[in-house]
Every structure is written in structure tokens, then in C-alpha cells.
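The structure that follows is given in the form of C-alpha cells.
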Amino acid sequence: MSTGKKRRREKLSQRRAKTSTAPGTPIFVGERKMDDIRIDIMSYGQNQVLELKDVPVQELPDPSEEGAVTWINVSGVHDLGIVEAIGRKFNLHPLTVEDIVNTSQRPKAEVFPEYLFVVLKMISYDDEAKCIDVEHVSLILGKGYVISFLEDEGDVFDMVRERIRKSKWMMVNLKSDYLAYALIDSVVDHYFLAVEKVGDFIEDMDDHLLSDPQPGDLQEIHRLKRDVLILRKSVWPLREGIGIMEKNGTSFFQTETKVFMRDLYDHTIQVIDMVEALRDLLGGMHDTYLSSVSNRMNEVMKVLTIIATVFIPLTFIAGVYGMNFRYMPELEWRWGYPLVWVVMVGIGGSMILFFKRKKWL
Amino acid sequence: MSTGKKRRREKLSQRRAKTSTAPGTPIFVGERKMDDIRIDIMSYGQNQVLELKDVPVQELPDPSEEGAVTWINVSGVHDLGIVEAIGRKFNLHPLTVEDIVNTSQRPKAEVFPEYLFVVLKMISYDDEAKCIDVEHVSLILGKGYVISFLEDEGDVFDMVRERIRKSKWMMVNLKSDYLAYALIDSVVDHYFLAVEKVGDFIEDMDDHLLSDPQPGDLQEIHRLKRDVLILRKSVWPLREGIGIMEKNGTSFFQTETKVFMRDLYDHTIQVIDMVEALRDLLGGMHDTYLSSVSNRMNEVMKVLTIIATVFIPLTFIAGVYGMNFRYMPELEWRWGYPLVWVVMVGIGGSMILFFKRKKWL
Amino acid sequence: MSTGKKRRREKLSQRRAKTSTAPGTPIFVGERKMDDIRIDIMSYGQNQVLELKDVPVQELPDPSEEGAVTWINVSGVHDLGIVEAIGRKFNLHPLTVEDIVNTSQRPKAEVFPEYLFVVLKMISYDDEAKCIDVEHVSLILGKGYVISFLEDEGDVFDMVRERIRKSKWMMVNLKSDYLAYALIDSVVDHYFLAVEKVGDFIEDMDDHLLSDPQPGDLQEIHRLKRDVLILRKSVWPLREGIGIMEKNGTSFFQTETKVFMRDLYDHTIQVIDMVEALRDLLGGMHDTYLSSVSNRMNEVMKVLTIIATVFIPLTFIAGVYGMNFRYMPELEWRWGYPLVWVVMVGIGGSMILFFKRKKWL
Amino acid sequence: MSTGKKRRREKLSQRRAKTSTAPGTPIFVGERKMDDIRIDIMSYGQNQVLELKDVPVQELPDPSEEGAVTWINVSGVHDLGIVEAIGRKFNLHPLTVEDIVNTSQRPKAEVFPEYLFVVLKMISYDDEAKCIDVEHVSLILGKGYVISFLEDEGDVFDMVRERIRKSKWMMVNLKSDYLAYALIDSVVDHYFLAVEKVGDFIEDMDDHLLSDPQPGDLQEIHRLKRDVLILRKSVWPLREGIGIMEKNGTSFFQTETKVFMRDLYDHTIQVIDMVEALRDLLGGMHDTYLSSVSNRMNEVMKVLTIIATVFIPLTFIAGVYGMNFRYMPELEWRWGYPLVWVVMVGIGGSMILFFKRKKWL
Amino acid sequence: MSTGKKRRREKLSQRRAKTSTAPGTPIFVGERKMDDIRIDIMSYGQNQVLELKDVPVQELPDPSEEGAVTWINVSGVHDLGIVEAIGRKFNLHPLTVEDIVNTSQRPKAEVFPEYLFVVLKMISYDDEAKCIDVEHVSLILGKGYVISFLEDEGDVFDMVRERIRKSKWMMVNLKSDYLAYALIDSVVDHYFLAVEKVGDFIEDMDDHLLSDPQPGDLQEIHRLKRDVLILRKSVWPLREGIGIMEKNGTSFFQTETKVFMRDLYDHTIQVIDMVEALRDLLGGMHDTYLSSVSNRMNEVMKVLTIIATVFIPLTFIAGVYGMNFRYMPELEWRWGYPLVWVVMVGIGGSMILFFKRKKWL
């Protein structure tokens, strides 16, 4: 918890710095997750796939190359100099550069005259820390090129890379717009995994919540609620973003790609449905926990109270014959003592019977 | 519960496999419910109805046959090879094939240039397992043909089959669009049955919840909530789907069929209304259960506490006359002991009277 | 409750029968409320009002009569033969006939080329059974005629009949559209009565809920919630229906009638407002009941606990001087016994004082 | 409460009467708040302001007078004859007349060819009865005249009157539309006062709710909820009404007045915002009250239970040495009695210490 | 709290005064935060930046100066004379002047033929008083000039001032519309700070709520809820306002500025998202607090009840052997007394064992 807090405080001071600058001034907001920014280039033309690793920013290819599709993947966005250099090279609006380095930017899609700009959140489930990991992903889709910015060096897009290598996309007329689609789709596919992981935890908890509630469960429910909140915040605006792409970004997409975009939209809705279902379940869980705890508590209290209640009248009888009155005929009786036992056992027994019949025990 | 969990985990690994493939690559997601895929064909032309059972995929008829209506019913979607073969034959988009075999796909309707694609969920109530059974149903409506895909061999569409046999639809100009409507309608009709089954359980529970709440009721309410959730997830998107069919799929429907589609839409709304009403009832039920349990608990505690409270002052009095002071005049009195009984009975009685008047007892 | 259940089970089997038939096949769904269907005709032309009672279905007038307005009122919809005969005569769509006999059909308005079809729910409050009574009402508005279908023989439309007799509507140019409006309006007017009846019950309950909650109140709140639910289900779709009539049914309404339709819409909104307000009140009532019960419970427990608490220390003191130690100087004191009383009264009194000052008593 | 009930029952019977009449038949629904209807006229032309008090209905001026603006203020709407006479004179639609005398009509605006009809609710806070007072206000805005109907003789519009007298509106080209605006605006201004009054009560309650909850508070919260409900019901439809005036009533408003209408709309939104905020606060208040009460209760129970718990083991010890066994060595010890005191004080003290360390005390 | 109340009461009386005046009559509503109104002017033309401090209202420059951009910043709005003078000079509508001095006006944007009028709320977090501070800010954007009105002398816009001085905006073609944008943006940037401050408090509380709930926490949650409410009321209408500017204020904005406006809109949405998330968290917090408190309470009660329960049967046994029957054989036994101790320890021990096994202890 304390690291989360520290992280947030850092962000606050970064934000404070940001408040005092002009809009469009990029300031890196977030945690620095890696050391050096690393740029990889993959480009596929008529018959060939070309891969360049760790390209210096000065040697970036010109976006104007015709025919081929160039994919520039930038890992790490904390070095403003490099991001700004890329921005200048590809003629990006200052506000776009600002959004690329601001890792707290919410998902969105924006249409500029020369490019389409998409902000996404890559979600993965960190099994060790038992929490959701969010990574800021930005995509620039221009004519003939796609630039992707990742917060961290990762294997998010490895599948896409592999598929490019194998399937020679240019042959089947898949242009840069399909590449952008494929990248977004691979991000959305990861949402399913994260949602199902969280769903697993929720179901596990649901199983033992009714039978054996633990004090720690409340905290666990709390944690799951935050996870679901993060998921919601990542997916809901994305849906809107894809809608904007479909409506305003028509000039960037070929007709063939549009049916894929519609499919993507569909998947986003499906994730949203799943997230909302989880949210509903979690909402009910707090109540279930409380009912379950109070049920157990009631059971305990009831048994204990009954024990006490049975003995109180008996103790009273014992007290009566402990009195020191001079004239107490019962005390003199030969069978007084056994008789009092009989009476006490009788009273106690009939009380227990009564409780049993009332189903209180 | 554990089978549900196992099933889900399977799905997760299927999903994981899916994440690493290109979009449009069909991967079967779900439980394999039967062994072999089975294809049945029914086609009705001017004066005749033709039925073919268990047709091999290679011998599927050409969709271009004019005049007649061909209905191809595919039971089982786990054999990708066969589904893809059908897809190639009827020129289905790869994404459509993907959605046919992905049994976790939510209901939707999509308009392609050459066909209309509808995903539905067939709902039936499994009386033994006391849970709702969901089956993935896909429909392809093209010019002159309808293809239906079922997860399982079943009798869902038997009624439609019977009606075709009897009524010679071609005579009355009922084309493939009416067939598609009839199939969707038979699915929606089953929703009413499922909703009313769940409604029965809810009403039964409601009856005894106020008078005699059981600990197991909470679990039962839980189960019913899940059932209603499944119903909602099946019906809500369907409504939207029918709306899309009405708006964008006009070229696939004759004018005479449109009034039927409107009726279908109407029925979907009615199911939604019923599901929402059940949801409301269930939402209130948890509260009712809690109130009911705590009412009973309060009653128990009150009676027990009162018993204890009545005897505590009496025990005190007995304690007083059990003291061993040398000079206690009461102890020497001839009628001290009977008197103390009178006093104790008096105190106890007046306390009970007091409680009665206060309506605490 | 058991009649309600039986009724529902009947409906279920009717529904099951329905599932196995073609759409547009009318099957009576509901309770049979009367023995024979009864058809009354009222028609008013230039200067006269003509009334025919209990007309056989074969003798129904032709809808094409010009000038006059014919109102055919059908009481009872359980005899499919008769309803279908009417349907054939007036050229009604099979789906319309189906909706007329299906008493579980929700309110709606549908525009057909030759007529306007409206489904309503007549609401009345059954004072004896203390529940809301719903009757299925269907209206067909064609050129020059109105057909109304009632589930039961009733006096719902008597007021309208009376007004026709008195005021000679044709003189003032009130055509069949105004008649349809007048019929719907008389149904909506009854909603106000039902809403106010339920409102009365709610207010009565609200009055004694805070001061004197009864265990039965929970059930009563439950019952009222169901009543309000029924009201909502009757009124909400009606609003939509009137909207559809205004938008799509323009060819059926004269300009002069439109201002009346707007007024009707207005009344529907007002009923909805009232129903929603009742719902809000009821929603809060459950909480009020629980607070009230737990307040009373707390009060009881507090007083009882305090009594117990005061006597426990006193009993301890009595116990101390009941010990049998040989050397207990206090026991030998001349004023030991009175002194111990003084001490005990002092302790008890000061505890009560303390509780009073703390406002616990 | 009983007056409210009586009033409602009266309304019910009025309503019942209403149900049996034709639509457009005006029936006075409400409480009769004054004896005689009183009509005052104020008209301002080029250079002069003319005031006439208590004008008989026969002497009402003709609406067609050109140039001048005539404002007819009718106090009291229970005399149908007079209201209908005015309606005939100014050519009002029967439904308009019906809405004028039906004091339960919700706020709305309706555009007729010759006039604009607005229904408002005047809200004032009755400090003595501690409740909100609602008055039905209707406005007719025609060319060159405004008619206002009040339920009661009041000073609501005195400010407007004063301003007319002083500022000679005709000079500055303020026509009848501005007069209507000014009247509505003065009603809306009163909403702010009422909202702030209710807000005051809510804040006062909020202050003492956490520190010192009273049983009566629940009733008070109840009362405030009803007040807020009344406010909502008055303001929400008004907003819609002003929207209708802006959209459909353009022919009745000069361009200069439109900016004022927009301002009015703005104020209405602001009132709605405030009402919704109050509603939120009240919603949370019930919870706060319950928490507060249960906090206090818990505190009481805890202290009492602890007292009991400390003495129970001590009483047990005293009981042990009250036993009459022949051979009990401790009883014979010289310092047995003091020793037992030491032990008992020790046990009691260490228990209290233990409770203190656990922060239970 | 009492200052807040006093402030509100003042406002009430101001409002009451307002109710009795014509619309468009400016009346200062709010707290007077400073002594004198202070006007500063900054204007930047081709190559120069000109600053004038504390300009008298008579010497305000003419808005018609071409080329240059003039920014007039007015600190303090309580002196109606000065504000009205400015209004006359720049030809502001009386309603605009009214909204400028009415500090309770909600945020909005209004388009007038000659200028655009924006009302904002400046939010800052007062660390000492631990509450949110709201300042009323109004902006007038005309051709070539911007007028900003602040309630208080402050450094809100210092950053903007600094940037103008440094960057010579006119060189880069940044006109008055960009200045207006920059001012609004600096206000929105402050929202982030306030939201994060409140978020900090919420997280701090969340940390200790589960482990160690304090009675004061409820009040703290209350306070935070109000803060979030204020934030909501400031941000939600702003979003709408920016939308209005984008849609209707097109003539006031250059194409280049529009992308900045879109970014601003985006930021507003982001603030709204954050505020809604905080609201959700706070909503759950009350429940968490209650669960936490009741958990602790239950724990206390359970332990105490168990102690009592263990001793009650033992006390009963002691009571039995304190009876004074003549014939009680056990009393005469040599080892009776030790034996009774063994029995009592055995009973007590086995009860504790039983409780432990049941996990009640």
C-alpha cells in the first residue's frame, strides 16, 4: 500500500510542476519503469519483412516511403527529448506529444489531419503482487506507418510481430490501418485474460464466503473492487474511442478493415459486459460477507445466552436454600437435598426442551 | 460448483491460446457437448418439402438454387474443419466463422453484404441441476437459404420443422427471411418458459422467507441471482440485435415479414420487462431474509434476556438472606422464610406484568 | 397466494402450448373470467344514437358504412372462434388477433395500414382482496369504427356510453378517433383512483410505522410493492404507446383530437410521476420499519441490561458475606447487617444516577 | 398529519367525480383557500399605467386592444363559472380551463395557436407549520395580454406590480412576453428561498445528528424528505416547460426576451441542482442517524457488559467460600478472609486493566 | 461549521433582497473577500508586452484597438458600481453583469452576439482549514480582449502572465481566444491538484479504517463527501459549458485553438472521472466503517459473553454446596471440597475447549 502511496505522491508533485507550464508542454507523469528508451522498427513491403532493433532516434526512416508499411515501436516514454524528436519528425501536435508522455492520460482516440492518435491502457494481472498492472500505450496511425509507444519494454506485441513475419501481410493487402487494428486488438485480448483472472478470485471468494467468512475477506473484497475499478476505467473510454475512430477516422481505414474495427468494438462491449457483471457480483459480496459474519455471530450469542439462561433459575434455587432462616422446613426434610436436585434437573431439562421445540437451539 | 469452475478454467486456457492468434482465426471456446458434427438439410420449393439427414459437408447444396428455400442445420460447432468448410462454401467472413465457434460470444446481429449474421443464446431450464442451461446458436440468413448452428444436438427447432412439413410455406410465399424469423422466435419463446420457471422458484422462496427463513436460503437467493444474470446477458443484447436487423437489414426482409420482426422485438421487450421485475424482487429478497432472520433472533434474545432479568433480583434477595451476619433479625422471625417467598414471587410477578404492559414479552 | 400461484401455473402450461405453435396462432392466455362472449354495438350518425345489445358475431355491421361511427364492444376474449371471426371481418392481422386474446401482452400501440391497434391495462382496486385487479383491454381504431375488447363484462366504459347518448357527438364533429381517445382516457382516469388508493394505504402505514411497528407490516409493505410494480408495468409502456400514436398514427387522428391526445399523454406522465413517488416512499419504508423495530429492541435490551447490571454487584456483596470464613470481623458487628444494606442501596442508587446522567436510562 | 389525510380524501372524491365526466369538463380539484374570486387588472400603454381593482368578470377588457399590455390577475380558481367565463372571453381551449382549476395539475407549458399556457407551482415555506406550501399558478400569454390565475389572494406578484408602476415598461419596449417572463421569474426566485430554508433545517440536523441523535430525528428526516420531494415535483417539470416555451413558443417571444428566458432556464437548472444536492444529503442522513444511534447503543452495551463480566468471576469466588463443606481448610485460616478480598480485588483489577489495554473500555 | 452557517444566512438575506428586484439587477451575493476592487491590464501586440497595474475604471482602454490583445483582470466583484461601469464600457448584457457579481452562479458558458461569457469555479484546497475553497471566476472573451473577474486578489493566473511575458504570444499568432483558453486551462489544472489532495485523504482514511476505526472517522467521511460534492458541482456544468463553447462559439475561436479546446474538454472529462471514482470510494467507505466497527464490537461482546458463560455454571455448583440442607452427604466427605474444585475446573476447562474447537474464541 505504501508504495502505491509513494507513487501517487510523486505523481502529485509532477502534476504540480505541470500546472505551472503551458498546455502542450510535455511533462512525464508516472513511474520510470526502465532505463533507456528503445526504438525497434519493423517494415514490410512487397515481398519482404525488414526488422531493425534499437535504432537511434536520428536514424528513423522518413514516413513518406511509399508502398511499404513501417511500424516504429518505442519502449519507454520517460525521455522527453527522444519523444519530442519523434514528434517533430512525424509532425505530431504538441498536445499529442504531451499525451504520449503523460501516463495518467485516459484512453481516447483523436483524429488529426495527418494522423490518428489512440491512447490505450494495457492491462495485465501480476500474479505475485496479486494486483492489476496498467501500462500506458499510445498509437499513431499515419499513411504508411504506425508508431507505438509503450511505457515499458515488453512482449505485448510479440504475437503481432510473429504474425507479420510469418504471413507476409503486404501480399494480402493489409496496410498500416490493419496493423493498427491488430495492435489494439492484441491489447483488448489481454483484457479478457485479466477479467477472467479477477473473475476467478471473485468466484473463489464467493465459494467460502457463505460457509467460512474470514476477517481478511473484507480487505480482499476491497482489493478486488479496486481491480475492477481499474478495469472499468481502462475499458469504458476505449469503447468511446473506437466509436470515434469509426465515425471520424474513416479516411484512415480501408473498407476491408472496417469490419474488423466493428469486431473490435464488439469485443470491447463484451469486456465491458463482463466487467459490469463482476462489479455486480462484488457489490453483492460485501452484503454476503456481512450476513455471513452476523449469522455466525448470532449463532454463537444464541447458544451462549441459552446456557446462561438455563443456569440462572437453577442458581436462584440454590440461593434460596442457602438462606439462613431459622425456620425453613425443607432444610430439615430427609430427602430435601435429593428432591432439590430433582427439581433443578427438571427445570433445566424442560427449559432445554422448550428451546428445542421453539427451534432456538 | 467445481464443474463450473473447471469449465471456466478450460475456457481461460482456450482464451489464452486465442490471445496469441490473429483475429479471424476460429478457435473453439466452450465445452464439447457432443461427439460428431451433424448436418441436416430441409428445403421447400413450390409444392414439396425435401429433408436430408446427416449430410456430409462436401455434399452441401449450392446456395444459388433459385425459387426454393434451403435450411441447413448444423449440430455441434467444435469441429473447426467442418465449420470452416461451410464458411468457405457460403462465402462467410472469417470473423463470422470465429463467432460461430466461439460459444462465449454475446448475442448480436451483423449485416454483411451477402448475408445477415445473428448470434443468439438458447436458454433452457435444467430441472435436475436446478440451473439455467445456455446454448450458443448462430444463424446465417442469405438469399434463399438459412444456416443454423447449434452447440448441441437438440429439439429446439423441431416445432419449426413440423410446421414446415405441415403447412407448405412456399405456397403462402414465406421465404428464407420468414424461416429465420421463425427460428429466432422459437428461441425467444423458450425464454418465457425459463423466466417463468425462475419466477416460480422466486415466488416459492418469497412465500416461506418471511415465516420461516432457512440458512440455505441465502445460497438459494445467490443461485437465483446468477440465473437472472444469465437471462439478462442473453436477452438484453438480443433486443439491440433485432433493432439492428430492422434498421440495417432491410434488404434481407420482405415487407410482410417486417410486422413479424416488430412482434419479435415486442416479445423481447416483454422478456426484458419480466427479467427486470424478477431482478427487482430478488434484490429485495436479500433484505427480506436479513430482516426475517434478525426478527427471529431478536425475539429469541428478548425472551431469554427477560428470563435472566427476572431471576437476577430474586437471586440477589436469596443471596442477602444467605449472609452470615450474627445479627439479622429477619432470620429469626417465625414467618421470615414464607415471607421472603411472598416477596420474591411478588417481585417476579410484577416484573413480568411490567414487561407485558410494555409489550416486551 | 395459492390462487395466484395456481393461476400462474395455468399460464405456464398455456405458454408451453403456445411455444409449440406458429407465431400468429392465437392462444388464449389468462383466466377465464366469464362464460359467454358478449358483443354490444353502439353507433351514432347525423342525428341519432343506435344501440344494439348482445349481437351475434355473424350480424356485425360492415365497417364501410359512411358518415356514422360504429363502436363494437366485445366483453370476453376467451372464445378464440369469435375473436378470429371478428378479425376476419375487419381484416385484422393474425398477430393482432394473437395479442387480443393473450392477456399477458404488455400495453403497446401499433400502427397497421388500415387500423391502429392499442393494448391497455384497466386497473381497479379490489377493496376486499386488498389487491390491484388488472384487466386486458384492446382497442382497434379504424376509419369509422372502434372495436374494444374487454376481458370481462364490466362498466368501465359506461361513462363514455352515457356521454354519447346525451351529447350527440356527431353534431360536434367527434369522429371515431375521438371515441378511441375517450375510451383510453377513461382507462387512464381509473389509474388515478388506483394510485390514490395505494397511496392511502402507504400513508396509513407510514403513520404507525415509526410509533408502533408490527411484524405483519413487512408483509404489507411487500404487498404494496407488488401493487406498485403492477401499476408501473401498466403505465410505463402506455406512455410509449401514446407517443407512438402521436408520431406514427397521424393519419388516424383529426387535428382537433390531437390536443386531446397531448392532454392524455400529459395525464399518463402525471400517473407515472405519482407511481414513482409511491415507489420512492415504499423503498424508504422498509428501512423505516427496520430502524423502528431495532429502536424498540434496543430500548428493551438497554433497560433489561441495566437492571441486570445494577443487581450483579449487589449480589456479589451478598455473596461475600455469605462466605463461611471463621474470622470475618464484619459478621460479628452489631450493625453489620444494616450497614451492608446501606452500602448496597448506596451502590445501586449511585449506579442508577450514573446511568441517568449518561442518559442511558 | 390528519389534515393532510382529510385533504387527500377530499381530493379522492373530487377525482372520483372527475372520472365520470367528459375530458375538458373543468372540475375544481383542491382545497378552497378563499371565499370570492377576485380579478385585478393592470394595463400599461405608451405613457401610463392603469390599475383596476376587483373588476367583475363581465367588464373584462377586450384582448384586442392594440399597443397596450393588459395583465389580468385572477385570485381564486374555485368558482368554475367565473373561470369558464374568462375562458370563453379569451377563447381558451376547454382543456386549458380544466387545467386552470385542477390544482393537482403538474407544471407544464403548452402552445396553442392563439396563446401560450403555463402551469407553475408557487412554493413558499410556512414557518409555523414547518412545511412547504404549494400554490397552483396558471399563466396565459396572448398577444397584448397576460392572464394569471392564483389559488389564493397573495402578494406573490407584488414586486412585479411595483416594478411596472415605477419603471414604465412600455417606454423600454417591454411587451406582454416580458411580463410573462417576469411573473415566472418571480415564482422561480421564491424557489431559492424555499430550497435554502429546507437546506437550513438539513444542516441544523446534520450538526447534532452525529453528536446527539434523538428518536424524533427520524420523523424530522422523513418530513424533510417529503419537502424535498414536493420541491422536485415542482421544479423538474418546469424545466421541461421552459424548454418547450423556448422551442415551440418562438412566435410569442421577442428576440430581446429570449436571453431572459435562457437566464430563467439557467435558474431553474440551478434550483434543480440544489434540490438534488439536498436529496443526496438527506439520503445519507438516514444512514448517519442509524450509525450514530447504534454507536451510542454499542457504547452503552459495552460498558454494562464489562461491569457484569468483572463481577461474575468475583461472585463465583464468593460462592465457593459460601459452600458448607466440613473440610475446607481455607475457611479456618486466620487471614483467609482478607486474603480472599486481596484475590478478588486483584482479579477485578487485572480484568479492568486487560479491558483497558484492549481499548474495550 | 458556524462560519459556514453564518455565511449561508448572509447569503439568504442577500437572496431575499434579490427576490424583490428586477431580473438583470446585479446584487452581490457572497462573502466580501477583499477591500478594494483592483484592475490590472496586460496587453500584447506585435513585439511588446505592456502591463498596467491598478488602473482606475475610467481609464480602461477601448476594446476596439486593433491588432493587440488586451487582458483586463478584475480582482474583487463586490463593488457593483465598478463592475457595472466595466459592463457599460464593454457593452455587456445586464444579465451578464448580474452573473458576474452573483458568486453563487453555477459554471456555464453563454454566447452573446459580441462576446462569449464563461463562469467558472476556481478550486483550491485550504490545507489549514482542511476544506475546499471555491472562488467565482468569470471570463469575457471578445474580439481582441479578454476580461477576467476574480472574487479575490490571487495568483491563479500568475503562470499565464509569466508565460505571456516570456513567450511573446503575438509572434506565434496566439489571439485573445487562446488567452481565454489558457485561463480556463489553468483553472482546470488546479482541479487535478484538489482532486488528488482529496484522494490522498480518502486513501489515508481507507488505510486505517479496516484496522482501527475511530468514532471521528464518520465525521471525516462526511467532510470528504461534502468536498467531493463541491468538486462535482464545479466540474460537471463546466463540461457542458465547454461543449456549448465548441458548438455555438465557433465564431470566437480560430481553427488552431479548437484542438486546444478539445484537449480542455478531455481534461474536464478526466477530472469528472476522477471525482466520480472518489465518490464511489467514499460511498463504500461508510459501509466499511460500519462493518469495521461492528466487527470490533462483536469481538468484544463475544469474549465477554464467553467469560460470563463459563462462570455461570460454576457459580451454580458453588451455590448448590452453599445450601443448608441438613442431610447433604457430599458436605461430610473428607475430599468433598477438593473434589468440587476438580469438577469445577473440569467443567470450565471443557467449556473453553469446546468454544475453542467451535472457533468462537
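Lettered A, B, C, D and E in written order, each chain numbered from 1.
Heads up, the rule we're going with is that a contact is a pair of C-beta atoms (placed from the backbone, for glycine too) under 8 Å apart; a residue touches a chain by one contact, two chains touch by 3 or more.
Everything numeric here is computed off the predicted structure, so don't read it as measured data.
Asks: According to the touch definition, list the chains common to the neighbour sets of subunit A and subunit D.
Replies: Chains touching both subunit A and subunit D: E.
Asks: Overlay subunit A and subunit E by their C-alpha atoms and let me know the rotation angle in degrees, rounded to the nearest 5.
Replies: 70
Asks: Between subunit A and subunit B, two touching copies, which fits better, same or different residues at the interface, with half of the numbers shared as the threshold?
Replies: different
Asks: Just give me the whole-number Å value for how far the CA centre of subunit B lies from that of subunit D.
Replies: Centre separation, subunit B to subunit D: 43 Å.
Asks: Mind checking the centre-to-centre distance between subunit C and subunit D? Centres are C-alpha means, answer in whole Å.
Replies: Computed value for the inter-centroid distance: 26 Å.
Asks: Multi-chain contacts only, two chains or more: what residues does subunit E have there?
Replies: 294, 301, 305, 308, 312, 315, 319, 322-324, 328
Asks: If each chain is a dot and touching chains are joined, what shape do you get: line, ring, star, complete or other?
Replies: ring
Asks: List the residues on subunit A that touch subunit E in their complex, please.
Replies: 1, 5, 8-9, 11-12, 15-16, 18-24, 93, 95, 105-106, 108, 110, 112, 215, 218-219, 222, 225, 229, 233, 237, 286, 289-290, 293-294, 297, 300-301, 304-305, 307-308, 311-312, 314-315, 318-319, 321-324, 328, 330-337, 340
Asks: Which bits of subunit D are touching subunit E when the two form their complex?
Replies: 159, 163, 167, 181-182, 185-186, 189-190, 192-193, 196, 199-200, 203, 206-207, 210, 259-260, 262-264, 266, 269-270, 273, 277, 280, 284, 287-288, 291-292, 294-295, 298, 301-302, 305-306, 308-309, 312-313, 315-316, 319-320, 322-329, 358, 360
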